Structure formats: C-alpha cells, structure tokens
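Just below sit the structures, each encoded as structure tokens.
Both complexes shown next keep chain A, but they swap its partner, so chain B is in the first and chain C is in the second.
Right after this comes the complex of A and B.
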C-alpha cells in the first residue's frame, strides 16, 4: 500500500489541475459549483494521503477543515445564492475557449519552470506539486480576469485558495494549525460577505454582470 | 504583557459591544471610549517596551519591538482621533439619510474590529497570523467601504475585495514558501513561521526559495500598500466609503501593509547575497511616486485626489526603505508617521467640506474659509504639510530621502523631484479655490470636530522642528533593526 501513496497523491494533484482547466471552460454556473466541489474533494483526498504517508495527524484536521468548508458549507451557500438569485441555468458567453486553454497551458509550463529549481531541492514526496499548486493559482487568476459574472469570479477566488492550501499540504505538510484555522475563518467570512454583496449588486443593477461595475474610472 | 492584552482585548470587546448597541445614539461616544482605552493601553505598552526592551510572550506568538510598538501607538492614536472626528460626521450623515440605524451598528462594530485586526497584524510574531490579520483587515474595510450601499460604493467595495483578495492570496503563497524554507533548515519537528525564529536562521534559508517567496510576498502585501500597478482599488475605496474610513485606510492600513513588507524584507536580506528586495522596492516605489503624481493632476474628485497622494507617499516610503541604510530607514519611518498624521487630518477637513457641499467634485466646493475658518485653515495647512513645505515634518523626511537618494541612487533624484513638483503644482491649484472662493453654503447642523485636525497638524509641525530625544533614539533603533 505504502508504495502507492506518492503515486496516488500525484494522481489527486493532477485531478486538481485538470479541474482548474475544466472550470475555465465551464459556462453554466451550476456546473461550475459542482466542479469546484469536486476540486475541494480532490484536495481533501490529497491531504489525507499526505497525512497518512508522513504520519502527521495535523493534516487530518486540515483535511477535515477543508472538507467541511470547501465540500459542504461553501458549495451549499453558493447553491443557495444562485437559487435565490435564479441564475442557476445562466449561460455565460465565453469568448474563445481554445485560446484561453492555450494560454492556460502556457501558464502551466511557466509555473513548472518557475518551481523547477525549488522542486529539485525538495525532498517531499510529490516533487511536481509546487508547480501544480502554482499553476492552479495562476489558472484561477486567469479565470477571474476572463469572467464577467459575479459568481464565477467568486469561484475563481475560492479555487485560488484551493491551490494555495494544496501548496501548503504537499510542500510543507500543512501550515501550523492556528494559521490553518485563521485562513479558514477568513475564507468563510469572505464568502459570506461576497454572498451578501451579490444580493446588493443585483438589487442595484438588476443583474450580476460585473460590466455594470465599471463606472469608477479615471477620466 | 498585560498592556498587550488590553491593546488587543479592548478593540475586540468594543466590536462585540458595538455590534449590539452600535445603532444607539450613545454608540458614538462608546466608540470613542473604546478607542481611548486602546490608545491608553498602547501608551502603557510603549512605556513597557522603553523600560524593558522587546517583549516576546504567549508561546512566542506575540512580539513587540521598537519597530512595531511605534506603529501600534500611531495606529491607536489615529484610531482615537478618527473616532472623535466620526462623532459629528456620522451624525450629519444620519440626518442626511445616508446612514440608517442598522448601518450605524455595522459601521461601529466594524470600526473596532478593523482596529483589532490591524493591531493583531502589528503585534503578532507569526507570519501566518500576520497574513490572516491582513486578510481580516481587508474584509472589515470592504464592509466599511460598502456601508452606504450606493451603486458606486458597491462597485468600489467589490473591486477592492477582488483585487486585494487576489493580491493577498499571492502573499499566502509567499508565506507557504517561507515555511518551506524554514522546514528545510529545521526539519518537520522544528519548522516554524515565528518571525523571531526565522530571523535567527535567516542566513541559512535557501536563497532560491526565499527569492520566489519574497517576490510573492511583495506582490501580495504591495497590493495593500497601494503600489503601482496594483493600486487600482485604492482611489475607489477611499472615495466611495465614509470619510472616517478613508482617513484610517490612508493613515493606518497602508502603514500596516508596509510593515508586513518590511518584516519580509529583513528576512530576505539576510538570506540572499543580492540586493533583490532593495531593488524591487526601489523600482516599484519610484514607479508609484511618478505614476501617482501624474494621475493626481487629473482628478476632479477631492477624495480621489488625496488618495493618489497617498499612493505617491507610500511609493516614496517604499523607495526609502529600498535604499536602506540608517538614514533612509530613519526617513522612511518618520515619513510613515507624518504621512499618517497629515493625511488623516486632511481627510477630516475634506470630509467636512464634501459633506457641506453635498458633493466630492472639487469645482463645486468653494469658500470653505468663509463659513468654517478653522476647517479652511486646516485644509490649507494640511495640504501645505503633505506637499512637503517646511517647517512641517514631511519636509524633514522628504529632505532626508532626497539627499540620501542623491548620494546613493543619483539616477532617481530627478524623477523624484519631477513627481514632487507635479504633485505640488496640481494639488495647490485645486485646493486654494476650494478654501478661498465664494460660497453661499450654510453651516451644518453639527459643528465638525476640529481638535483632531489641529492636534495632528501640531504633531507634524513638532516633528518637523524638533524630534524629541527618546523618539529619535526609538526611530534609530528601529532603523538599525531594518538594516540594509
């Protein structure tokens, strides 16, 4: 069993990356939330595996925290929001999915080359994980830039958080517990605030399109 | 140690109390009371640090040294004066119907919580908790900026959240890398994010990892400092929120972000042979000074103009710390202090002027000195001070920064002078008509709180004329710790 653990960790790491790509090309908001939930689940699996391999009970706590937050609570909140706002089946017109994908691949190559000198030194089990984590962060970043609706932007933000937590798990076997709890609290409060904002934006503009939010500009 | 407990405990308790009672008419006074308590506790903490030196307490999770204790006091002080200013200001906003009782409750609760997050970020020894506190400070100010619920304020808050959220996520990645570097030196058992421990092993940290870590940390916290090109959130957030919030954003939050950058720079300088951190800071600092000065000259909204001035000054401070060395570090610390005091004083007067005119458009604000001479004089003197006119303290720090630049980085001096000149000309041209023009506006129902304005300007003046000996020693000690 033990010899499979690094491979399994790499498998889940790759899944997290693949799901980032899937999110970039997903146009329906409902499906986007499902993909985000899956990514959270892959992250939980990776944390549990790393915790098992390194015999660090702290990582189980961190995995449990991620599960509650990213797989249960936040998807549920997001579903509530889109149901109340009635945008579940909204289709977003995304320009040029193939180009976005190509740029995404470029970002992955860039991340791996950036992480290469460090991964080579790294003794931890999954040597590619730093590159993968960085790629996830940058892909989510790109998603936030290309999306024009509020909910996908928030999901991009949360997916970026996933990439960061994965970096912490795979590269350093998790952050100190108190920091993990602090980060989780910040993320949760942030999602709540953004959720309230979405209702207020809708009330003000009758739409969740971020293009409405472009009046404050330099003349 | 007890003082530290009160410094953190009072604002936290305050946020709870005001979260329940913030809509009542006496909440404004409670807000001032809690801020006063925090300030007194900060003074006690300062006395403790002066008498016994650095404090490391509670499982080494909190660390107070000459560098952060002066920022703690400054934060608590401006927090107090802003709370005093906010009393009549928010009362008028309520009369104008812009604030409802539930919003007042939110405003007061978040104001105290915001103070708490800043003080937590300043006093924590854990670089991870520093990140958590910075993110929490972002969240509380996002709520404060959006409190009017207008289209413009929602837009500003959304932009602020997304931009700073993304920016600060980069800082978390940098923190993970920092942890990784410590992990390689100390192993799984001893790995730590405690700054004092990292500082002890900084020469053994892996240079490759630290290079990448600092790049991410600098992008992340630099976004919150408002460095160009990551500054887009700053003018919107300053212009659309309530004025007391603009004052604390400009005067305090930018300083706390700067402090985070400084802590990271000390570690990076120790780990690397190259001057990477210094060069990055000088480059982006200079870029911010120049770009902000030119944007400043094109503004029509008074709060936007002064927020660009904040970007300019934060750029100048970043540049000073980038140059490093005892004189530049000293000047940087002094500039942080005087900028914070002067800029919040200016926002106090600007807030009152905009409230009376019913608009923030500068061409429609006129004749301040006719109706409220004190406010008018406050605005003129504040503007002169922030533009670096002697004898105010900003002149002293800018003079030190410029002369050091001439000696160490001569290429940068013409750019700095050009930017300062542009800012001077464009700001004075806009402020003077606002103060001296003709007006038919009447006084507001509640007189503005003038004392904070002149206390701030008075302190800036004192710092320009004569820096008390103990303060001088204090700055020097902090400047030495920053090294460079």
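Right after this comes the complex of A and C.
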C-alpha cells in the first residue's frame, strides 16, 4: 500500500494541473466554479496523502481547512455572487481560447524544464510536484490576465492560491500551522472583500468588466 | 505463430464483428432510457443490418466505381483495425504487422475514402458532410496519436500488444499521465464516432449532421456495410480505450484458460463503457460546429500535457 502513496500524490498533482488547464479553456462561469471545486478536492486528497506518508498530523488539519474553505464555503459564496449578479453568461476573453491554451502549453513546458533540475536535488517525497505546482501558478496567473470579467479573475486568483498551497505541501511537507491559518483567513477575507467589490463595480458601471476601472473620472 | 495465436486472432475478429452492433444497440438503449424515451430492443442494429442486406442497392447515375468500392474499403479498414487491437488476448499474429501509428492510419484511410465517396455523387449534403468530416478528422488524428504516444512512452513500444502486456501484466503502478490521456481520449473518441457534443448520430437535420450526411446517398447492402463499419469503429475505439486504461483481463500468450475468461471480462467492460457513453451523451449539449476545433485542440493539448507529465515524473 505504502509504495502507492507517492504515485497517488503524483496522480492528484496531475489532476490539479489538468483542472488548471481546463479552467483556461472554459467559457462558462458555472463550469469554472465546478472545476475550481474539483481542484480544491484534489488538493485536499493530496494533502491527506502527504500527511499520511510523512506522518504529520498537521497536514490533516490543513486538509480539513482546505476542504471547508475551498470545497464548501468559497464555491457556495461564488455561486451566490453569480446568482445575485445574474452573470451566468459566457466569459469573454481578451485573447481567443486556442491561443491562450497554446501559451498555456508553453508555460507548462517552461515550468517543467525549470523545475526538473531543482527536483533532482530535492529528497522530499513528491519532488516532481514542484514543476506541476509552478505550472498551476503560472496558468492561473495567465487566466487572471486574459479574462476581462471580475468573477473569473477571482477564480483565477483562488486557483493560483491552490497551486501555492500544493507546492508548500508537496515540496516542503507543509508549512507551520500558524501560517496555514493565516493564509486560510486571508483567502476567506479576500473573497469576501472581492465579492463586495464586485457588487460595487456592478452598481457603478452596470457591468463586471474591469476595464471600466481604468478611467479615473467620469466624463 | 502458434496454433493458439491463430485461434485467438480468429476469435478476436469474430467477436468484434458480432459484438459491434450489440454495443451500438446497448448504447442506444441506455441513451433512450436516460432521456425517458421508450428504448429500442437490444438487437435492433442486427435487424437493421438484416433488412438492409436484403434490400436492393440503388446507385446514382453518375456514381463512379469509387462510390461502389468505398463501403467495402471502409468495412475492411474497420475489420482490420479491430483485428490488431488486443481485445481478448495479446497473442495476435496480425498485431505485429501494424502498430498504434498504423491503426491511426487505417482510420484515416477509411475517413478519406468515405469523404471522397460522399463528394463523388455531387450532392450538396455529401460535400458538406465530407468537409466537416475532414475538419474534425485532421484535428482528431494528432490528438489520438498523442494519447497513444503517452502509453507508448510508458511501455517503450508503439505496438498495442506490448502496451497492454506492460500495463496489464507487469507490476501494478499508477501512471498520472494516463489520467490526462484518458480525458483526451474520451474527447477524441466522442468526436471520431460522431457522438453528441460533436455530432448527433440520430438526426438527419441538415445543419448539424456530419456522419449521416456522408452516407446519405447509400442504400441497401452498401448502407448496411457502412452502418456495420460505424459500429465496428465505435467498438474499435472502445477497445483501444480499454486496452490503454483498463487493460486487466486480457489474456496473455500461452494462457488458453485466460482466453475463456477474457470474453466475459471484455463484455463486462464494454457494458460499463457503453453506459458511461450514454451518460456523457445525455448530459452534454451538442456544440456549434465552429467550437469543435477548440474542443479537439483542448484534447490535443491535454494529451501533450500527459506526455510532459510523463517526462517530468519519470517512468
């Protein structure tokens, strides 16, 4: 059984990467939230596995925290936001989706080739995961850049946070508990503030397009 | 080439020819049930084939010999394809002559001929269908190749029998790259078999049909052969999927007893796969034709990610 744990961790790492990539190619906001929820679930599974393999009970707490926040609370909040704002239409992208995906493949190759020499030096359990985590962070960055609406940008931000937490769990076997709690609280507060922010943008401009924020004064 | 090899090869071909319409009927039945329609009988595809084989075949006046040859070529391609895929046993004498790349080539040959034949008579629908088929085909082929290469990287061989032997009979290991490749393969096979997100196999609505537009001009035994070939293609794709992702239960060489168990295992796996296919078809809506390139590009790039993950994590 134990020889499968690193392989299973890699499996969930690949799942997180695949979901990041799927988010880039996704147009519908509802589907984006579902993919984000799945990604959170894969992250929880990966944390539990690393916790089991390295016998660190801290990681179980971290996994539970991730589950409550990323799989239950934040998707529910996001669904509420899109229902209240009535923004279930297709997401508009700044660059068309096939181009975005090609750039995404470039990012994956870049981060894999960057991480390959580093992971050879590392002795931690899932050292190959560093490249995958880096690729997830970069892909989410790109999603934030290429989407013009506020809700997908928030989802991109949260997915980037998933990638970072995964890097911390898999490569360094978890951060101190106090840091975990701090990050969890930050993310929750961040989502709440961004939610309020989205309502404000909507009230001001009748749209969630953040380009409206580029002009400082009303003409 | 052993006597057992010849027996298992013949058994594989006969099983493919006989089971393929059954699989189509099974998928149709489950899809009808899930959509709250009254389901057609399980043996309906056989009845259709029987009816069509007994009918006269009508040809257009200007039809060239190509039009008449195509059903036989397409059927031959699909039968050969299902002969080289290890469905029941990995001891297939024919399989050494054609590997995964040749398999993709066989599908491409069939596609080319059916598209040419559709354009041959000169009706508008045939040309429309042929163009759409080529649009989908040229994007689906590289994606399918990438998926097969993912498995080839693990087993260090492009031969399908070696892939199944490595994945199914060596020490059990979890290959993360196959997860991504599996998703990509599902997307490709939906597109290649004219299934719902890309094409609707039931409709003759001119704006949406692809596969039906290609065979619109055929009748009688020609149509029967093409329908049978379509069933065989679905069967072949399902078996490639099973060979790559669920290879357990396929008999090895020199194991005559395992061959007896392989058939029930195959039927069980196909039955579950058919229900899953009906689920996907029921749950997804047909997409616009111009979204199909994007859909297939996603499949291709996912398969590329599978290859990259394979390289990163090592085998």
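Heads up, the rule we're going with is that the second predicted complex is superposed on the first by the 209 of 219 C-alpha atoms of A that agree within 3 Å, B and C clash if a C-alpha of one lies under 4 Å from a C-alpha of the other, contacts with A are read in each partner's own complex, and residues count from 1 in each chain.
Please note the rule applied: a residue touches a chain if its C-beta (ideal position, glycine included) is under 8 Å from a C-beta of that chain, and two chains touch if they have at least 3 such contacts.
Since the structure is predicted, the reported quantities are computational estimates derived from the model, not experimental observations.
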Chain B and chain C placed together on chain A: clash or fit? fit
May I ask you to decide whether A:25 touches chain B, chain C, both, or neither, giving the answer as first, second, both or neither?
-> second
- Message: Which partner chains sit in contact with A:131 here, chain B, chain C, both or neither? Use first/second/both/neither.
- Response: second
Report task. Using the superposition on chain A described above, determine whether A:82 touches chain B (first), chain C (second), both, or neither. Result -> neither
Exercise for the section: Return first, second, both or neither, reflecting whether A:46 touches chain B, chain C, both chains, or no partner chain. Expected result: neither
Can A:98 be said to touch chain B (first), chain C (second), both, or neither?
second
Larger residue footprint on chain A, choosing between chain B and chain C, goes to B
Partner chain in contact with A:38 - chain B first, chain C second, else both or neither
neither
Please indicate which partner A:109 is in contact with in the superposed arrangement: first for chain B, second for chain C, both, or neither. second
### Query
In the superposed arrangement, which partner chain does A:14 touch: chain B (first), chain C (second), both, or neither?
second
Smallest inter-chain Cα gap (chain B/chain C, superposed on A) in whole Å equals 18
As the complex stands, chain A meets chain C at residues 4, 7-8, 10-11, 13-15, 17-18, 21-22, 25, 97-98, 101-102, 104-105, 108-109, 112, 115-116, 128, 131-132
The chain B residues in contact with chain A across the complex are 61, 126, 128-129, 131-132, 135-136, 139, 142-143, 146, 149-152, 154-159, 161-162, 165-166, 169-170, 172-173, 175-177, 179-180, 183-184, 188, 191-193, 206, 208-209, 212, 236, 239-240, 295, 298, 300
The residues of chain A that touch chain B in their complex are 54, 56, 114, 117-118, 121-123, 133-134, 137, 141, 144, 150, 153, 157, 160-161, 164, 167-168, 171-173, 175-176, 178-179, 182-183, 185-186, 189-190, 193-194, 197, 200-201, 204-205, 210, 212-216, 218-219
Note: in the complex, chain C contacts chain A through residues 173-174, 176-177, 179-180, 183, 293-294, 297-298, 301-302, 304-305, 308-309, 311-314
